[in-house]
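Consider the two complexes below, in which chain A is the common component and chain B and chain C are the respective partners.
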Partner chain A sequence: MTTSGPILSLVGLTRRFGEIAAVDDIDLEILDGEFFTIVGPSGSGKSTLIRILAGLERVDSGAVLLRGRAITDVPANKRPTAMVFQSLALFNHKTVGENIEFAPKMRGVDPAARRARALELMDLVRLPEAYYARPVTRCSGGERQRVALARALASDPEILFFDEPLSAIDYRLRKMLEVELKDLHRETGKTFIYITHSLEEAMVMSDRIGIMRAGRLVQIGPPLEIYQQPRSRFVAEFMGEVNVLRASEFGVAGEGWLVVRPEQLRPLAPGEAADVVFEARIVNDYLLGSRKQFHARADERMLIGEIAVAAASVPGPGEPVRLGFDLGDAVRVAE
Partner chain B sequence: MSSTRNRLVTALLALWTVLVLMLLYVPILSVVLASLANTRYMRFPHKVWTLDAYRDALGQYTTAELHLTSLKIAVLVALIAVLLGVFGALAFARFEWRGRSLYQRLLLLPIFFPQAVLGLALLLAMTAAGIAPSWRTAVFAHLVWVVPIVTLVISIRLYGFDVAQEEAAFDLGASRLQVFREVTLPALAPGIVSGGLFAFLLSWSNLPLSIYTTGSDTTLPLWLFSRTATNYSPLVPALAVIATGASVLVVVAAALALAGWRRLVARRSA
Partner chain C sequence: MRQRVSPGLLAMLPVMALILVGFALPILLVLLYSLMPPRTFSLAGEPTLANYWAAVTEGYLLPLGWSLLLAGLTTLLCLVLAWPTAKALVRFAGRFATLATILIALPIFISESVRLFGTALFMMPGGGIFAGSLNALFGLKIGSILYTRTATLLGMVYIHFPFMLFPMVLGLSLVPQDQIEAACDLGARPFQVFREIELPLALPGITVGTLLTFVLSLGANAEAAILGGQAVIVITKAIEQRFGYAQDWPSGAALTVLVILVTAAVIFPVLRRLDLDRLIRR
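== the complex of A and B ==
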């Protein structure tokens, strides 16, 4: 067994629903032990894709290879993978212990060994031992997340899939669980494939991110690369609020767009120069902790900028301001 | 001031509740009272209070036979209705398929037929097919009317059921059969119990369908009806009280069995 090779290969994977290709000819290799996140808006096909990988959805064409062996037609219950569902899908009529022990029970593991394994996993996901006999319906949101995670791990999967399990959780708890999930990934050394519509969530946890749009992966790379070098307007705008400007308007040859991040558009001091300067008026501003973000209008154009609160006094709403950025800071995208 | 008004509202509410409860239970109570008389004509209060009617009812063979016939029909109806209802409910509420909405409408149609019409229709159909009416055909007739209701009762459980639970079980290595046994069936269990009880009680107390379809066999409601019409005596209300007691017994037994089963499951998993 090589540790550096791909654990999962997707070859020309396609799934259509009527006229629409939910998954459209996707090629992808996922490395052993990697935390790979697929990010896309709703309707981009990311749920269909992960369901295909789990064996819960059939394909129209293409193949899925696990360590080089085709598993395209292997049903979910015969695949060495486990999924954490969006709704968590806990068995509501069972206790925490029974939920976690489900996969070993199906495999015929004897009750004592099952229980020992369940308690071990509960410790790993930080569930107190006292929860073992508790009905899952009496657990809080965060506890239910941990039960779902332990239940998936109990099947000793080679790959764990996550279908937006944190989307319904409040901000603080979500942040905490993101970090725990990343720790768990390191501790178990397993391959995690995660889908979410939140790039912010993907950034925190992933080794690599794939951006999905209309059934295709439009960009794949490490988080920082995606952030710093988006390859299209779509990816850039998906990252959060950015300024997208037509390149030809600013003396840059050729077609395409300039992507300018809020932090790169700065208020200029009197006499300060920049490659591109706008005479603008602040429309509104709001505080983001140590930084302040503002919207400004220059003629018919709306701009978004950001500045450190401590750095300088920013003009308030309604006041005129000179804003500028350097072409070297902008990212050029073709489409 | 406001506390006086509150007290008045509470008193009125209590009075209203008592009135509604009386509306429901006084007629039943009057059957009990009628069974304690020794005359064919109800004149309350009785001159003589007696348990003679009960002694007669328990002493004669008919009582046991009537109960047995009704029990036989009701138990069979409950079992078959639950079996059909579980799979019918899965088709009704769990799976998307072409023709589902037509199926949903067709399934519920028998409930909207007046039972007397349905009974007549069944009798005509059976006669045409050369089937002699008996308690067995009554089982069939009751099923036509009861299965839609049981299917609906079980379907209600399915509407609140997260289908992903089945996928999760399958994903964790369960076979299709194990998924059904471990996840779907336990989720449906409360619906199955209440659906089964419904089926039993609806069959146990059914008159209009039985009139047409039992042939020479006689069920409890049938006997009560015909004896009230032609040959009334306190034996009739006495038997009615016994029959009611029997159905209450069934419900209590079912509730106890369910509670016992739950405790057993809980102890086994602890």
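== the complex of A and C ==
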């Protein structure tokens, strides 16, 4: 990853639909060569945001700067960016080759050079050369993903946008394509801006992640930081299943919440102490490969814990258990 | 009756009978009459090609030429006018599109002659609605295009516009918005989006509209009669004269067969390349 200042700056970006601000006063700097992922639930405005950056959606106020130059009003076809759409938006009346060569053709590159570039890109995204003359309608889901990717790369963009392109792909193929995308990012050195509702997907690929909620970026940081130090209940809960406890109930001064990850809530051996202890009863347990997750009830409270299968035995459903965590492991969030 | 008749064949019978009696039989009659000696009313005469020879040598190529020219120009003008209209209806109009569609479609339910006479009143010199109003309100005196070839052409465009527009709207609605956006995103200028995406994807609709408009225009004669006066004689008018005023059925029949042949020569090559399924499937 090369980091030499921001390639893209968003300043007070706002886009309203009626009363609702889909994008609400967003400030953000994206570094050159970075893999930046915007994660948010559906309706958080992330698609609108990326469409604004691509030039497919207008803004109500604010500015988009590319290397310090305002491009807010530059139409999509004049921006040095390319998008991989959620629907992929392949040109179904064209062949794989014609799809990939679309951008060079629009720029008037001669056919021989276009073809050479297309074959080069097909090799890069691991599409066999024989696919060149094949109609895209005869390609499988994964192959179509690769065509869309090669087509976007063929315009030689400074920034590539991805609008949830993997959301409709089955799990195994998605995992494979995630890794390939990360490799591709490293190989091309281009700036990738990726949108997804899956934090898991974001974690695998990103240099930095921005969590979006109701048109705002509520936290920005490297994946590990977001995982370990969520700044709000929303971020913590978005990261996966966590225990959120009111801080004041556990002798912690002030307002706010304690976020306790499942792996930090451990079954206690008889006589073992912890800062906070629950007398609970196991409700259910699930095997997650090498780890086991369990749900337990302590009075009216539902708790979720996780433990390595090899490490210790957890009582089965219906049996009592002592669970505990240390306050030093919990993350304190204000809201 | 042991033999089983397929239900599909059975269901087709009524429409096949209708086509046979209402379409194939009259055409066959016309074809037979065109081969009869001139000015006879019997089908029992000695077959001859004299009528075709007469049609080519006695000046009927001119009305045929006018019909083809007017039909071609009408189709071209309708194409050019319908494209932006169709785009507006499909892409931008939203709820207004339904209203606009109704407004455009409604006149089809009114007799063509009534509409053309209305247009004629509008164009009337001096006392017509347009010229008269200009004179009464602003003291402007203008001439009139009524009873000219231009008026005929305008009338034909006016009458046939919906037949171009609606298939085109259908065709254009087959073009996915995301493909247009993708083309833009990949650097295509508006004209390139038109050429690379919209035109090829909307082509089935455009083709259907073009064929409908051309064929209907070629068979049109009311526009020339009502708005054209004596400025232009179209082939359908000539055929009508041969059958009616001249009482020369074989001659009229020969002209009819010529028009059918010319129409077929234009349409069949296009139809062969048209994938109607694509238009219907979505």
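By definition in this document, the second predicted complex is superposed on the first by the 332 of 335 C-alpha atoms of A that agree within 3 Å, B and C clash if a C-alpha of one lies under 4 Å from a C-alpha of the other, contacts with A are read in each partner's own complex, and residues count from 1 in each chain.
Keep this in mind: a residue touches a chain if its C-beta (ideal position, glycine included) is under 8 Å from a C-beta of that chain, and two chains touch if they have at least 3 such contacts.
This one's a predicted model, so the numbers in the text were calculated from it and none came from an experiment.
Undergrad: Following the overlay on chain A, give me a clash-or-fit verdict for chain B and chain C.
TA: Superposition check on chain A flags a clash between chain B and chain C.
Undergrad: If you stack the two complexes on chain A, which partner ends up touching A:Met106: first (chain B), second (chain C), both, or neither?
TA: Both partners, chain B and chain C.
Undergrad: Looking at the overlay, does A:Leu288 come into contact with chain B only (first), chain C only (second), both, or neither?
TA: So A:Leu288 meets neither chain B nor chain C here.
Undergrad: Check whether A:Met302 is in contact with chain B, with chain C, with both or with neither, and answer first, second, both or neither.
TA: Neither partner.
Undergrad: Give one of first, second, both or neither to describe whether A:Ala133 is in contact with chain B, with chain C, with both, or with none.
TA: Only chain B; A:Ala133 stays clear of chain C.
Undergrad: What is the contact status of A:Val179 with respect to chain B (first) and chain C (second): first, second, both, or neither?
TA: Touch status of A:Val179: no partner.
Undergrad: First (chain B), second (chain C), both or neither: which does A:Met83 touch?
TA: In the superposed model, A:Met83 contacts both chain B and chain C.
Undergrad: Considering only the touch criterion stated at the top, classify A:Val244 as touching first (chain B), second (chain C), both, or neither.
TA: A:Val244: touches no partner chain.
Undergrad: Identify the partner contact of A:Gly97: answer first if only chain B is touched, second if only chain C is, both if each is, neither if none is.
TA: The answer is first: A:Gly97 touches chain B but not chain C.
Undergrad: Going by the overlay, flag which of 3-11, 57-65, 129-137 or 147-155 in chain C ends up clashing with chain B.
TA: Given the superposition on chain A, chain C and chain B clash at 3-11.
Undergrad: Counting contacts the way the document defines them, which residues of chain A are shared by the two interfaces, the one with chain B and the one with chain C?
TA: Overlap of chain B and chain C footprints on chain A: residues 54-56, 75-78, 81-83, 85, 87, 89-93, 102-103, 106-107, 151-152, 154-155.
Undergrad: Can you name the residues of chain B that touch chain A in the complex?
TA: The touching residues are 162, 164-165, 167-175, 178, 182-183, 186-187, 189, 269-270.
Undergrad: What part of chain A is in contact with chain C in the complex they form?
TA: So the residues of chain A touching chain C come out as 54-56, 75-78, 81-83, 85, 87, 89-93, 102-103, 106-107, 151-152, 154-155.
Undergrad: Under the definition above, what is the set of chain A residues touching chain B in their complex?
TA: Residues of chain A touching chain B: 54-56, 75-78, 81-83, 85-87, 89-95, 97-98, 102-103, 106-107, 133, 151-152, 154-155.
Undergrad: Using the touch rule from the top, collect the residues of chain C that touch chain A in their complex.
TA: Contact set of chain C toward chain A: 176, 178-179, 181-189, 192, 196-197, 200-201.
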